[in-house]
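All chains are identified by letter, namely A, B, C, D and E, in their written order; residue positions are counted from 1 within each chain.
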Amino acid sequence: MKASNTVKKILANYEGETPGVKAKLCQMLMSGRLKGTGKMIILPVDQGFEHGPARTYAPNPAAYDPHYHYQLAIDAGLNAFAAPLGLLEAGADTFAGQIPTILKLNSANSLMSDTAGKNQAITGSVEDALRLGCSAIGFTIYPGSDMALDMFEEITEMRREAAALGIATVIWSYPRGEAISKDGETAVDIAAYAAQIAALLGAHIIKIKLSTDHLELKEAKKVFQEQKIDVSTQAARVAECMRSSFAGRRLVVFSGGAKKGEDSIYDDARAIRDGGGNGSIIGRNSFQRERGEALAMFDKLVDIYKGRD
Amino acid sequence: MKASNTVKKILANYEGETPGVKAKLCQMLMSGRLKGTGKMIILPVDQGFEHGPARTYAPNPAAYDPHYHYQLAIDAGLNAFAAPLGLLEAGADTFAGQIPTILKLNSANSLMSDTAGKNQAITGSVEDALRLGCSAIGFTIYPGSDMALDMFEEITEMRREAAALGIATVIWSYPRGEAISKDGETAVDIAAYAAQIAALLGAHIIKIKLSTDHLELKEAKKVFQEQKIDVSTQAARVAECMRSSFAGRRLVVFSGGAKKGEDSIYDDARAIRDGGGNGSIIGRNSFQRERGEALAMFDKLVDIYKGRD
Amino acid sequence: MKASNTVKKILANYEGETPGVKAKLCQMLMSGRLKGTGKMIILPVDQGFEHGPARTYAPNPAAYDPHYHYQLAIDAGLNAFAAPLGLLEAGADTFAGQIPTILKLNSANSLMSDTAGKNQAITGSVEDALRLGCSAIGFTIYPGSDMALDMFEEITEMRREAAALGIATVIWSYPRGEAISKDGETAVDIAAYAAQIAALLGAHIIKIKLSTDHLELKEAKKVFQEQKIDVSTQAARVAECMRSSFAGRRLVVFSGGAKKGEDSIYDDARAIRDGGGNGSIIGRNSFQRERGEALAMFDKLVDIYKGRD
Amino acid sequence: MKASNTVKKILANYEGETPGVKAKLCQMLMSGRLKGTGKMIILPVDQGFEHGPARTYAPNPAAYDPHYHYQLAIDAGLNAFAAPLGLLEAGADTFAGQIPTILKLNSANSLMSDTAGKNQAITGSVEDALRLGCSAIGFTIYPGSDMALDMFEEITEMRREAAALGIATVIWSYPRGEAISKDGETAVDIAAYAAQIAALLGAHIIKIKLSTDHLELKEAKKVFQEQKIDVSTQAARVAECMRSSFAGRRLVVFSGGAKKGEDSIYDDARAIRDGGGNGSIIGRNSFQRERGEALAMFDKLVDIYKGRD
Amino acid sequence: MKASNTVKKILANYEGETPGVKAKLCQMLMSGRLKGTGKMIILPVDQGFEHGPARTYAPNPAAYDPHYHYQLAIDAGLNAFAAPLGLLEAGADTFAGQIPTILKLNSANSLMSDTAGKNQAITGSVEDALRLGCSAIGFTIYPGSDMALDMFEEITEMRREAAALGIATVIWSYPRGEAISKDGETAVDIAAYAAQIAALLGAHIIKIKLSTDHLELKEAKKVFQEQKIDVSTQAARVAECMRSSFAGRRLVVFSGGAKKGEDSIYDDARAIRDGGGNGSIIGRNSFQRERGEALAMFDKLVDIYKGRD
């Protein structure tokens, strides 16, 4: 697999990183229909843990079966497929080598009381990722939670272990918790801060949410206004998040959230592209649609990221 | 021991799993009077820890002796016998090799105040399971408890260690705790969620409770109703739990709870069978009966699972 | 040292246990004046930690010196001497090999506020027990305390380590804490439950307190009454505790508590004997008496356990 | 690199330290335009973690790029560049060997509620410092926080590991938390105490804040007044901090805080110099200025430390 | 170095201890002007951590320099010098081999709020003690604190590690915390209890405070009165503490507390001597005096312990 010049340039940003990690990044960037473009679309399926099976799969019952997701990601020509241990194992033989996989190493669930705090359980290991032939580990942090320091420490250790063994790290940086308001969870200053934290923790690929023009932190708001940072469009906000990811030296993909209309998804993708983002990570918006619709949607997204739409 | 085609098909679902684990699953599925059918009946005896000795054994005093349970499970032709460390050791020599055993690695007790939280103590290790020649480890999780994340992390580590050493993992997924109402503990949405969590954690065999048609979580209830998921019969509810166990790719056995009438037990077994479940795990309903009665009951259950009743 | 048939029969109950552990149990059962009878008298001296030195030793000032206790246990022909690290070390050379010793691995103290919870500190290790030539480790659990799960986990690990290295485990199972009333601490249902927990945790020798006819737990009380379990005499209560120790497959010794009249001590011993218990563990009732009196008391106890009184 | 006599004298104070650590201290003291003088200027860039990207970099947008900081530190002829893992890695290849680097091993952030306590997350390891060719690790402690004991223990372990591997340790000793008032955070008695704690913990280089003449602790205030310790000038206060750093046997650098006027910065440096301090650690006051201005400021600071201004 | 008969007799009390530990005890007992007498004077300098630098050193500014303390202890002919890691390292080369040293492994500080609890941070390791050529490790426990169990467990592990490596253990047993009143901290029953706990934890040298005739614990008070334990003089109270240290089988040194008049110090030493104690540990009362005065004071103390005064 010869890397494209675009990909080579991206890889060069990962200075001092092990050849193993670079090879895994290369593998993901050179897979699927966006190969060589530096853009990525990833299918994540961890919502069964977070929201329960019926909410996740019942809208498209074929999705109860782990094989469905592997096949969807392969047929759609995506860059990678991400899931927790059990789900990844359930297709590990059948689809071995057909698509890069990301083992999600921690998991949230909806059966937690308020007193339990905002946190996730570690439900896999780097060793599992090696055994299953994964390209990367995935890990969620909750900046803003009282448990955030613990989560930072967990991924710091796992990242080190993974990198030494030639596995890349994807950080889901999702602000929430005691220090942040509901609106703040998607505020642009918070989104950019979440990207910065993930970058500083050594993430190779950063996953954040698209943001609103809300500014959550008083001190940050002052600076955004003084320095006239443009947050009026989604593309502008993506651009601020990319700057906050080491001036674009890190791959950043954006998530779409709950299921919504297709036009809205395409608008999001154009904004990501125009703001300099590296792509989309789309779960419920794909597998909760009927398979044909989902494949058509991915076709269109590929076109958008290739700049044809 | 030649595996039946049914068993081979089941084993094929455990993709990427070590041959050692598959051998242990095969051993349990090819033991006893249900061998080769893909159905299982397991005798669990951990109630002495959870409820104390008198409540557990006094109704049938012969049951104070650990040997009684080994012999009952062997004579009834069950697939496996599950118990905590001390109890398993008390017959480890006498009955070595006569029935597959499952070492229960954590244990609850009734001597805990409300402030202690819902949790269990780890009272054994994978190393103990190896030493005692066990086929599997057993572990209880309490989705819904504020301690649930810790329990998930504990079994994640133990499962990894066990699988690497060729030992299978059975997860008792019993929802309870701060986030769940009393009715919710047996609600069908919660039962299916509990099965999904166990599957995602990598359980090879999932043990859940039979459920009611109650729907606990508001968001889940909406989906159950919109998608018209049938929860009107026990068999239908078992089917939803099987779908939630990777569309039936995982073995699921159902527990019976406190001692009750025989007819009710047989109705449960028929519902498990008709809903696609893999069998029963029956403790107090067997060993709190006189031995002759218990053996007759197991006979009948075998018939039901073989489809003869 | 040829084991008696009685001892051989007892050892056979420790199925699957390492020869090293069996050798240590044999050593204790074949030591002292009760050798070969399957009965045991043990001298425990950990009250200096729990109650302070003056309360413990001042009634018989010779007892401030660790050598006093070694010599007393040897001269009385007891089966074993149990103490915390520092005390055991203080006579480790002088008395090496003259009496089996039990290293108490955790210790309570009276200088704890209510908010500190009911717990003990780990004040020794299996490695120390090996180095000091001990026959067993000793460990206290507090069923009923909010710290009980932690204590169960600690002894589970230490027991495993000890057994693998050929050292036996004695569990002091002393119910107390948030979940139990003052009367409940000595209730017969609780005492039997405490014995069952110790047995399930893998104790080789179980140490519990003699109990009253109080029944603490509502659910247990119902069963005791329905099944007509006799709790009217101390011997009957000892018998229920022995049943709860795997139908007598485990050695159980009973403790005497605070200093009291000699007749009461002898009555206790007869009840232990008649109920099928394995012996006494007597601390303050021996060393707080003048040495001559204490030796005479032990003489009498030996006679009782030999069935001569 | 031949060490100057001044540097040799400083190194001699690190008695019993490994040659590897001394070599790293020598490397930092013999780098840049202050080489050989025993004075140091260090550029720290960890504010992106602590305050977020916009507040940190937007005033000088070129600073969003990690390369900017490496280049600034090199061009200004500083002694060392300090940053967290991700940022240091982002230029690790390009600038390898061009300037001594300090890997900041723990990181604060502004997204923490009051209930989360005053603490930082460990976001790197000594192993990372070795791999990246760093001269030292950096670690922040918060004397006065309820988490302080934990932080002391963390750096104690990391320092030991680092020193054994030939890497020096810089401790950022920043008083804050439950036990200290806002004014107290910069009180001179507290600053000197913070220096003493860092020295006792084994710091090779101590980083504290410049202080005010406020005296926070009643008992300390009494002594300052009785012993007539001069706290009337910044230089006098620096001198008390140097005395508290083992009578000047440890290197101490002082930080400047939020961006402020240049004159104020130069006055600070003169006070540090005149009080016997070893230099400045200047972050926001340099990189939030336009590059030309920042370089001019560093020129001036070098002159001051060389005694030419 | 030929040990005196007195010292040989003391060493014989450390039964079963490693030759390495005995050698270190011998080294301390055979050092300085009290060599061979079985008496000891130790200089501890950890007050800079506990009270801050000004309160500790400003009364005698030469004491800011770690070398001052080494030199004082050597010139006064003391048995040992105790200090935390950083301070000990600061003279480790210059004074190597000139006086036995004790590395204090945990440290308190005055910058802790009430909610932080009574505890110390571990600020060194056995490995550090080895590297620095120390004779012993030192560790403070706070019997009576809600953190006491943790502290007991910490020193249990460190003692084991140290003894295996041939290093002795000194325990500072200082009652304080939630379970003890202010008067109780120096009550004689509590002081004796503190000595007993240290002895049971395996301390080779026990450091406690001189006590008052106050009796803190109701149950203990009853026994002191019933048994007519003499607490009317300091010597009598020292004697009770020595009895509580395994009837004098352990070395016990007594501390002097805050700076006070010389006569009072000499009275204390006579009481220690007459009560059978092994010596003094004197920090602030020595180094806060002018050097000449301090040396004269030590002269006088040596005379007292030699029985000449």
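Rule of thumb we're sticking to: a residue touches a chain if its C-beta (ideal position, glycine included) is under 8 Å from a C-beta of that chain, and two chains touch if they have at least 3 such contacts.
Note that the coordinates shown come from a computational prediction; the quantities given were computed from them, not determined experimentally.
Peer 1: Provide the labels of all chains in contact with chain C and in contact with chain E.
Peer 2: Where chain C and chain E might share a partner, there is none at all.
Peer 1: Approximately how many whole Å separate the CA-defined centres of chain C and chain D?
Peer 2: 58
Peer 1: Counting in whole Å, what is the centre-to-centre distance of chain A and chain D, each centre being its mean C-alpha position?
Peer 2: Taking the mean C-alpha position of each chain, the two centres sit 36 Å apart.
Peer 1: When you check chain A against every other chain, which residues touch at least two of them?
Peer 2: In chain A, nothing touches at least two other chains.
Peer 1: How is the touch graph of the chains shaped: line, ring, star, complete or other?
Peer 2: Looks like a ring, each chain touching just two neighbours.
Peer 1: How does the ring run, chain by chain, when chain A comes first and chain B comes next?
Peer 2: A, B, C, E, D
Peer 1: Name, in rising order, each residue of chain A that touches chain D in their complex.
Peer 2: 13-17, 143-144, 146, 148-150, 152-153, 156-157, 160, 175, 177-180, 189-190, 192-193, 195-197, 199-203, 217, 219-220, 223-224, 227, 229, 240, 243-244, 246-247, 249
Peer 1: Any idea which chain D residues touch chain A in the complex?
Peer 2: The contact residues of chain D facing chain A are 48-49, 51-55, 57-59, 61, 64-66, 84-87, 89-94, 96, 107, 109-113, 115-116, 119-125, 127-128, 131-132.
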